[in-house]
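I am attaching a structure below and will ask some questions about it afterwards.
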Amino acid sequence: MIAKQASRLTLFLLLAPAILWLGLLIVLPHVEILVLSFSERVAPRVYAFGFGNYLEFFTEPLYWRTFARTAFMSILVTALTLVLAFPIALYIARVAQGRLKAMLLLLCLLPFWVSELVRTLGWMILLRETGVISYALRSMGVAREPVELLYNDGAVILGLVYGGLLFMIVPLANALESLEPAVVEAGYDLGGSRWTVLRRIVIPHAMPGIVAGCIIVFMLTVGNFATPVLLGGKNGLWFTEQIYAQFITRFNWPQGAAFGMLLLLLSSAIVWLGLRLTGQSLGTTLKQA
Amino acid sequence: MNRPSITWKLYIAAFYLFLFAPLLVVAIFAFNASPFPSPPWRGFTLEWFTGSGAVFGKPGVLVDPIWLESIGNSFKVAIPVALLAVLLGTVNAWVLERAEFRGKTFVAMMMLWPLVIPGVVLGISILAFFSRVTNGLEDWLQTDLDFLRPGLPLVVLGQLSFILTIATLIIAARLRKFDRALEEAAFDLGASRARVLRTVTLPFLSPALIGAGLVALLMSFENFNTTLMLVGSEAPLPIAMYGQMREGASPAINAVSLLLMLGVGGIASVFALTSKAER
Amino acid sequence: MASSTDLDIVNVTKRFGSHAAVDDVSFSVAPGEFFSILGPSGCGKTTLMRMIAGFEHPTSGDIRIRGQSMIGVPANKRPVNMVFQSLALFPMMSVGENVAYGLTCRGVSRAEADERASRMLERVGLKGFGSRRVTALSGGQRQRVAIARCLVLEPTLVLLDEPLGALDLKLREHMKIELKQLQGTFNTTFAYITHDQSEALVMSDRIAVMNQGRFEQVGSPRELYHNPATPFVASFVGETNRLQGEAAAVSNGTIAVRLPSGAVVQGQGKGAAKALAFVRPEAVALAQDPASLSNLPNRFEGRVSAVLFDGAASSLLIDTTGFEQPVRAVLPQAGPLAGIQVGAPVHVGWTADAMKVFAA
Amino acid sequence: MASSTDLDIVNVTKRFGSHAAVDDVSFSVAPGEFFSILGPSGCGKTTLMRMIAGFEHPTSGDIRIRGQSMIGVPANKRPVNMVFQSLALFPMMSVGENVAYGLTCRGVSRAEADERASRMLERVGLKGFGSRRVTALSGGQRQRVAIARCLVLEPTLVLLDEPLGALDLKLREHMKIELKQLQGTFNTTFAYITHDQSEALVMSDRIAVMNQGRFEQVGSPRELYHNPATPFVASFVGETNRLQGEAAAVSNGTIAVRLPSGAVVQGQGKGAAKALAFVRPEAVALAQDPASLSNLPNRFEGRVSAVLFDGAASSLLIDTTGFEQPVRAVLPQAGPLAGIQVGAPVHVGWTADAMKVFAA
Amino acid sequence: AEKLRLLTWSGYAPADIVAQFTKETGIEVEVTTSNNEEMISKLRATQGAGFDLAQPSQDRIAGPQTEFGIYKPLDMSKIKSDQFIGSMLEATKKNTSVDSKVYGVPHIWGTDGLVVNTKAAPKVADYNDLCDPALAGKTSFRAKRPALIAFAFANGMDPFAAYGDAKAYAALMDKVGAKLAECKKNVKFFWEGNDQLLNAVRSGEIVAAMAWDTGGWKLNADNPDMKFIAPKSGALGWVDTFAIPAKGRNDDAAYKWINFNMRPEIAAKVAAAAGNFTASNGADKLMEGKLKDQFAESFPKAAIDNIRWYPAVPAGLEEIEGKVLDRLKAGS
């Protein structure tokens, strides 16, 4: 009896940090913004329960357009990242051996541990009108005028794809690595061409990795702030900017909270959809990463 | 069959060029003797590192209090985050891998959740929640609870909220590989529980503990989204950089970035070495 | 009784939920004995051993070591040590540190522990290996380190849980003999778990055959092999031919079993409406001429369906009239049948003594 | 010659760096033959097989299938199929899809491929398993799926790389026989790799014994067992007693080998200054009375040091005067020596024919 | 030591002035630089804690104060009123009053107008000229409320008159928004930081922009072709103030800092560092000639009269403006 109580106490003590962490830093804060998102300002310092903030989102084309744009571009970025990363992951996982493999992976990791801002700064220096690429084009005589490559959607997509690559490569490489070489060889041995083997064996096997990578990249992209702000032009607004704007420049927390909830819903919905469509589960998927 | 074609190899090469191009230009233009980080090359200078500000109107980053303070602030955040992440991550990993209780799958799922919350949302929710808590407590206790207001302590909490997940996963992965028979063997040979923990379990976990600590340190250092919403008067490095970048690019930012790259490179190589030792 | 046995298991039962992994098992092990528990995977061997070591607690029953009840005594206080299936050597320590670990836990000084560890390593044939990493050892060497780590503590009883499972065939053959010799040299009591009948038969003084949480039979290897008490023991221990039918007539100790085809075999034992009969391949006599088998109560005609040449262990499969499965017999190494080919007609026969009959 | 052999390996060598994994190997396999390559781990078996399948390219030499050179033909265009050690079933496909895979690669329509796959599954005894996941099969069933997946393509030659390695003992025994029967039914040529001599002996029509990249001997199982061509074959194939000494005198086909202790044994073969002599345990005759061995040229006195009781495979270790290692002999199952105990004095003997002598 | 946590604009607390203050009073000053929105949002997030003194613009005090209560009423008895230019002090007090309590006193003032590279864009004289197709891709303004107000005046509307009527104001803002949206294709980017704009103008990426006067004069000092021009429709005049956050912990130090800063010799130095003008009475006499000349060039007599001072923004209007600005930024 006493032993049982003691083990309960131990369990409770072990669980305490997790409960405090999840409760105070995750669950309650989200409850708070959920509550906040349903409060409407009726007069200075007087708030009442209402759906106004959500109504505002749906009636103001600006907001839902930004929302849709963010979602669409994030999906585009995720897809592009997947396409770009797959050959790299395949190379790292299945071709490179020993030292080379470790080095390629480490080289992939390095840029991503440096701040996102540094990477973005690099792109700004490369892309801007007075930047390196423009300068090189002019000095090679390809272009006569300075070329502005910054401040447009292309630059944003470039920056976001760049930022997502690692988080695609690592789960992909992990998934591909676990594919037994003999299974691939069996695929050839039974008469499969390169393409058949890729389509029927390699890709299905890598599916958990593909889903994991896509989820992570999508999450990072949709929730990104600095890259679209710094690389994006006057036309591009990212939904996180709307949240930031409501909180910081408009002081309208309830509206910002509603936007936050919507973003959370969006990302959860797309993640859920991705998992459903590919028949994977979140737990195993994230463990890939 | 797996022999790579030449196109594939070229693609790999192009990819790595693409990967490092931005970092290279950042590093190179930190030494350009020009007020803007852009071509043409105007000669080599260390002004942006150690200059007094006489030449370009702004002091070099190694003497500029703005940068020094922000680096200091980053450490003030990163070190507690790393220590807490390792400590609590170990306990959490234990719960995930060893404890048996009802609702464990639920707790495990919850632990993963922070990874799928956008950083900005995490930031605002913590900001809003702690604002309410502090207001409530202040009304009740009639004292200031400034440390729960936007500022470094809140940044620590905000970063911890998701870095802890990652630390937990890293440590749990190692713990999962641990053959429990090792503990039982030690116990069987007469060791007390504390001794088993000290001589067998922790030595086995140590590469993961170091790894998780370093990852937490790096993630804290580079985190921007969550920090942005929670920062008070003292800005950590990414926030200071963002502020400066909105003010317009200057090679001082390149210089800071280069320092950051060197630091990260150093930590990453320590990490690579420890994970190699693990094998 | 206090010291006439090293280990007494008294009506021990262990339930996981409603499933009884170990079901009312009792046995004793005498000092210096090599006692094996043999059973198929999942029959509860490990659970039983873990209860003796102190990692699981019996649902009911008592475990006594040298007469002392171990109920409530934690694993680190019991005078038994265990060699794990995975060996569980500490990878973060050197070979010497592994062996000295238990001693330092007991408070023996560092220097003395090292000294005793290196003497123990010498005795198991690993002199000078003390400072190696355990990962730099071969399978057989690790095996010996794991045993040295236990023996250095001079336990009353060493428990071994399928310690040869991870080794390859040739090494396993070799370690079987070596383990038995080690046990002889140290004269320590061994309780050994395995699912490999050959291991159990070769090494043990006594074997308990376990099935679904219960002991089917406890006895010497020869007893088990020649006089199995249950059909399970008969088919699990050693290669055998198994026939199913119904008991027909009983006369002075001999029982007749009618096979589905109508053929009748004579054996010894007890049969009910349904009966199982077993005969070992080496007990099956072969002849080209039926006359030479005339003194055998069981005589059948067949045709060789396969010659399984395997050196000394070669056998024949003989499609026999009236039998559903081919009869397996040892391939004669000499005599007129030595070169027998597939398709050759042959006569088979065996004594009633060689055939054990059980109620199914 | 075009169709009198299915496979010809002509002076094939494969180097990895400076190390020759396969060193100037030549052999032919006749249609319908079950050909095994037997050798210890790392001897180059897999490398050889991978060259036949097309996954490695020979450094020199030629590989011909039905007389057609395969040099430069990629793996997916060769009329051979391989059963991998790990089986390499496609875990992302159902059993039926696994079997149909090769057909669809050839452009056979989906419907027809499914139809043929299910017929093949029926033939290997897996009727109705088509829609199962491969993970939901037992080891033996997977085995059969892997083979069905090859056979459905009606290849000239099936390569099998230790396909039974992952199975447990009892299942392995069973699959040995089943594999041999399958090959008989389909009458396809099999080239089979193993390091388990018992597998090779039981199943093969011919066996090549490989060591360090070279073939030591190619022959039928009985040839290898009874007339090994090299000391390596003698000790690798089957259990044996191995003696080292120097060749002393030769007289009418018999060679005398003097052991270090001075004892002399008589055998057949060739010996140099250093000689190795081998005698199989089953060729060692035992007697309590030396007179009954008097007609044997090799007669020694000893004492039983261990009885390794293992049913039909039981043996004795006998510490024999003049021998460094105990002599291993088969434990008599009947007669006066059946119950012999450790420590009992015994006489051992064998014919000169039974002892093979080689230059070391 | 005692500490004053100051939330201010960059340039308003030069290192030497801080050092002098610390020497005189023994109080250390911790400076955080920011802008209007961030100042308010920080104080809003902390309910007015974290800082002892803030410097928002005078028009941005009453609204947020009504909404969030983030400031303390000033104790005018602790402020040496005679150090201020009287008219400016009175106007500021009026604009920053809520419930007849005063929340702000003036510190630095300046204007919004046009920064022009007169060589590259000689014709620019009013805000609407930024939308001239000839300058496509080479102009800029801030996507903040001054742009709305400025373009409203430039297009013949009076936004200040509509302050009282939210509906009318919204309609007016929609019109301005449409106008700006049209102009947007001309804009290279919406500038955020002063240096960012100045660098772009220096490098030639931008030739004309709506900007602060001080920036224009800084450029002018390097290159005489770059000028600050008071637009035809009128420059916009702003006043930055001193206000004490609701949970400020060191009001004494705050008042000391205010009084110290308004001393003419100090105010003159600060104004010179910031490149703007001060509300300190008598400081202008101590100021350098250069700034005066530049001011004179940019502001002929008529232009001075034409400066439009921001009145206090009633609570709620910023919502309307915010949405217009968001639409401007998001639309294409």
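A few remarks follow.
Per-chain numbering from 1; labels A, B, C, D and E assigned in written order.
Everything that follows uses one rule, which is that a residue touches a chain if its C-beta (ideal position, glycine included) is under 8 Å from a C-beta of that chain, and two chains touch if they have at least 3 such contacts.
What you see is a predicted model, and the numbers here were worked out from it, not measured in a lab.
Note on connectivity: the fewest steps through touching chains from chain D to chain E is 2. Here the two chains linked by the largest count of contacting C-beta pairs are A-B. Distance between chain centres (mean CA atoms), chain B to chain C: 56 Å. Once the centre of each chain is set as its mean CA position, chain C and chain D turn out to be 27 Å apart. Centre-to-centre separation of chain B and chain E, using mean CA positions: 37 Å. Multi-chain contact residues, meaning those touching two or more other chains, occur in chain D at positions 55, 74-75.
Contacts with at least two other chains are made by residues 1, 36, 38, 127, 249 of chain B. Touching two or more other chains at once are residues 203 of chain E. Contacts from chain C toward chain D in the complex involve residues 169, 176-177, 180, 196-198, 201-202, 221-222, 225, 237-239, 280-282, 306, 308-314, 317, 330, 333. Within the complex formed with chain B, the chain A residues making contact are 11, 14-15, 17-18, 21-22, 25-33, 36, 84, 87-88, 91, 94-95, 102, 104, 106-111, 113-126, 128, 130-132, 135-136, 162, 165, 184-185, 188, 215-216, 219, 222-226, 230, 240, 243-244, 247, 253, 256-257, 260, 263-264, 267-268, 271, 282-283, 286-287. Those residues of chain A lying in contact with chain E across their complex are 44-45, 60, 62-63, 65-66, 128-130, 148, 151, 233-235, 237, 242, 245, 247-252. Chain B meets chain C in the complex at residues 179, 181-182, 184-192, 195, 199-200, 203-204.
Of all residues in chain C, only 53-55, 74-77, 80-82, 84-86, 88-92, 101-102, 105-106, 149-150, 153 touch chain B in the complex they form.
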